[in-house]
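Here is the structure we will look at.
Letters A, B, C and D mark the chains in the order given here, with residues in each chain numbered from 1 onward.
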Amino acid sequence: MGEVMRIFFLGDIVGEPGREAIYKRLPSLRKEEDIDFVIANGENIAGGRGITPKLSIDLLRAGIAVVTTGDHVWDQKEIVDYFPTEPRLLRPINWPEGTTGSGSVVLETAKGKVGVINAQGRVFIQPPLEDPFTRTEREVQRLREDGVKVIFVDFHAEATSEKIAFGHHLDGKVSAVAGTHTHVQTADERILPGGTAVITDAGMCGPHYSVLGRAVDSVVWRFRTGMPTRFPIAKGPVELGGLIVDVDTETGQALAVKRFREIIDEATPAT
Amino acid sequence: MGEVMRIFFLGDIVGEPGREAIYKRLPSLRKEEDIDFVIANGENIAGGRGITPKLSIDLLRAGIAVVTTGDHVWDQKEIVDYFPTEPRLLRPINWPEGTTGSGSVVLETAKGKVGVINAQGRVFIQPPLEDPFTRTEREVQRLREDGVKVIFVDFHAEATSEKIAFGHHLDGKVSAVAGTHTHVQTADERILPGGTAVITDAGMCGPHYSVLGRAVDSVVWRFRTGMPTRFPIAKGPVELGGLIVDVDTETGQALAVKRFREIIDEATPAT
Amino acid sequence: MGEVMRIFFLGDIVGEPGREAIYKRLPSLRKEEDIDFVIANGENIAGGRGITPKLSIDLLRAGIAVVTTGDHVWDQKEIVDYFPTEPRLLRPINWPEGTTGSGSVVLETAKGKVGVINAQGRVFIQPPLEDPFTRTEREVQRLREDGVKVIFVDFHAEATSEKIAFGHHLDGKVSAVAGTHTHVQTADERILPGGTAVITDAGMCGPHYSVLGRAVDSVVWRFRTGMPTRFPIAKGPVELGGLIVDVDTETGQALAVKRFREIIDEATPAT
Amino acid sequence: MGEVMRIFFLGDIVGEPGREAIYKRLPSLRKEEDIDFVIANGENIAGGRGITPKLSIDLLRAGIAVVTTGDHVWDQKEIVDYFPTEPRLLRPINWPEGTTGSGSVVLETAKGKVGVINAQGRVFIQPPLEDPFTRTEREVQRLREDGVKVIFVDFHAEATSEKIAFGHHLDGKVSAVAGTHTHVQTADERILPGGTAVITDAGMCGPHYSVLGRAVDSVVWRFRTGMPTRFPIAKGPVELGGLIVDVDTETGQALAVKRFREIIDEATPAT
């Protein structure tokens, strides 16, 4: 058995409240939990819609090693040209060949290589992309042939059936598969028989009293009336939703998995 | 303050494994948890597809007071004519006027009246029904005018946004709103400011090692190939997913909420 | 038998090219075709997205008696407050009770009353609205009880199954049902056994060399790459798509139906 | 300039009425219209659901050179194993690599090679397949490198935007693109600037008084009530919907295009 690498994954970061809470809490959390590697999904960090180059830089500076995304990846236009310049910022791997950016990255750490892959589902989510099952499997194989044992996958998808099936599909081939996109943490974290840790959705990092991070009244009004409205980012306490996975660096198998869920009362920026 | 009524809600029961586990475990659980009233969603109890008159009777005999359903309600043809004969079996309330069966029921208990309402969402779920927000609100108002304080709502829906907004919409008007349909329990149970307990999804009662209760290999194969196949109910240990809510019978407000999640190793029928 | 009323219906008007072509061509067309009453769908008249108060006024001044809409009805925010002031501007009738505006109107003409109803489908179209089948039927009944015989329905919907079923549903109860929304005229105009003229889609009034009125290159690029882009209104010749229906004013039945489809080479404003 | 090849394409054949009408009418039509090559979409030929080996053989024997399909391709289980044995029976080309059967075929004729490609859209149609734009383009390139000039594409898709964009995408690269799947013929046949004939939907070959070939009452009842029911194939006169394209065999460009639409009163089998 090799060393144990502890990976901390944070679900969709929503707006300023989400990111400020992370900047404030992450340093202490790293120590408390003895974390080796941090990954976060940043697809909603720019006011709920996408990510900018500056915010991507901020996340990396805050100690997040890899930033994943999802269906909101291109919401901020300037990110398109930024993608090729930052290999630690990922877009789903199953975009068509030739799409800017990359869907995976391998980083060197003190405990060896870590591969991160980002993929997107095709049920109840837009736009239609190439098959995530075959694309991810192919990339996993490529990484493993390159000697990468520790592999973490963020599967950004809506339907529970697709997400659970995807985890089983990769069981024994990757260290962990964390679902994102629904912004609601599920209570089904587990290690599958082949040694892959899974959770259907890691949850979000954003306003706790909200609808997916948005102000409650605006979303309720929309559902009740159907009329167009804006959905401002909600205020108040912030919840951080994520997953902590211990991986055996020699086998790449998950040794332990636990959900992370914390409510941060004052989400003011650290000074 | 009135008495405390403890309500136990069980998410979608899947096939024989799900129902046998309930028949076996429910009696002891009632005592351990001191439960007053049990509600269960039975939309997948007949081999995963709908519910039959016989299975509806079995559930009621097993001590479940009200059986809710969802998009699979009519899967078994003989249930259509059975509906008008059994008021404790509900279909979503937002079916068009004139549809057979009912979407709500009020039962007398030792601790007073309990109202149960079943509604269905409209995002990523078929068929299109009438607006659940207004229909449910109207029914809640009717029940409250009849003096019903304790009201439990099963909102069968897919999208987290619709489900969370729905809970907020009813906050302060009902005792609890439990989501169903995704078959994956969420970790976000809470009591909203107005006193309504909510959870985005209560989870399912069905095979633990499965995709929504179905055999893993068949579903993974379907996603990988797209080819038609059958999805047998999975075997092995069964998980029971649900919610326990303590309600103040005088105000109708939730006093406490906790998720229920248990893995039952041997789901063999009780003898 | 009563008089014959000739109704001319124009499908979704797209942007400036569409409306300018109508302003230019409609006067001569009225004479050539001896038209009594003109209805047009204006949901895309404001640069492809919705309709403004000014453009609504322009259409009515140009001799269009009633303007229908569809899923794009609220795209221009200022139209919301304008709706209650203009009964000849319709939004789909199956929006929830309490929604601003109206889904039907009855106008007096030299040949008697004409009722126009606008409804929206629920398959492959957003947002989810109330059941169009029952809502429209109820409104038709109300109009008929008020002595309105000539009734024209614009059913704004995507799926051919829903559109054709809707026409049959109203057969014998209204004079005509014209589908809109796909922007492509169908070749299936006919009079059903009960005397109702139908067409699955009347087509659009907009740039002929385009994708639904939008510049070809932008839409093709979007489908090829999936990347976000803007979809400018296309240039060049304009096609006018519509339906001409002759109605017996005494019975309300359609006597004749023909598609209207014309390519206008120079869509410059009339001077 | 080369010879002129006249290709006759028939839209989705629905059930026994559709196929019997074709068997009866095709021989005379071939002579009247001087047709060189016949293609038909057979995805609904087996009672509305898929195609069997026997029905595939019947179509080929009736003089149809190539049979295309669509989302209903696998509805009849026995067709799966039959596919590899019959290269003239196509399934959409954008199924994942490794899927049984083929999405294109090249046949020798008296006037040279004819290539036929079948693809499926991804908007409002299931299941999610690989990108049809790139897959079809790649196959077209392969055929052209093999010297095939005359290429006909059946694009089985729902959304008019995707279908029209697809035609433009292939303009100048293939002889014709005919849409299928909606079962309603569109009135927009044309030749694009690059020489490709297109129509958004060729229509169906099935019962004329019906909803997509199904009995009117059953479908209307379904939309009105939402309740499950069976959708029998309708009776009565049959409509044949298709497209006739004249192609220059040297350039592969379309020289002329016309819609074909005919109502056959007695669709009884030829004796």
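General observations
Definition applied: contacts are C-beta pairs under 8 Å (C-beta built on N, C-alpha and C of every residue); 3 or more make two chains touch, one makes a residue touch a chain.
Since the structure is predicted, the reported quantities are computational estimates derived from the model, not experimental observations.
Chain B is reached from chain A by a rotation of 180°, derived from superposing Cα atoms (nearest 5). More C-beta pairs touch across one of B-D and C-D than the other; that pair is C-D.
Mean C-alpha positions place chain C and chain D at a centre distance of 30 Å. Once the centre of each chain is set as its mean CA position, chain B and chain D turn out to be 45 Å apart. Shown for chain B are the residues in touch with two or more other chains, namely 96, 128, 134, 224.
Residues 74-75, 77, 80, 95-96, 98-99, 127-129, 224-228 of chain A are the ones that touch chain C when the two sit in their complex.
Of all the residues in chain C, the ones that touch chain D in their complex are 124, 131, 133-134, 158-162, 164-166, 168-169, 182-188, 193, 200-201, 203, 209, 211-212, 216, 219-220, 222-224, 259, 261.
By the touch rule above, chain C contacts chain B in their complex via residues 96-97, 122-123, 128, 130-131, 134.
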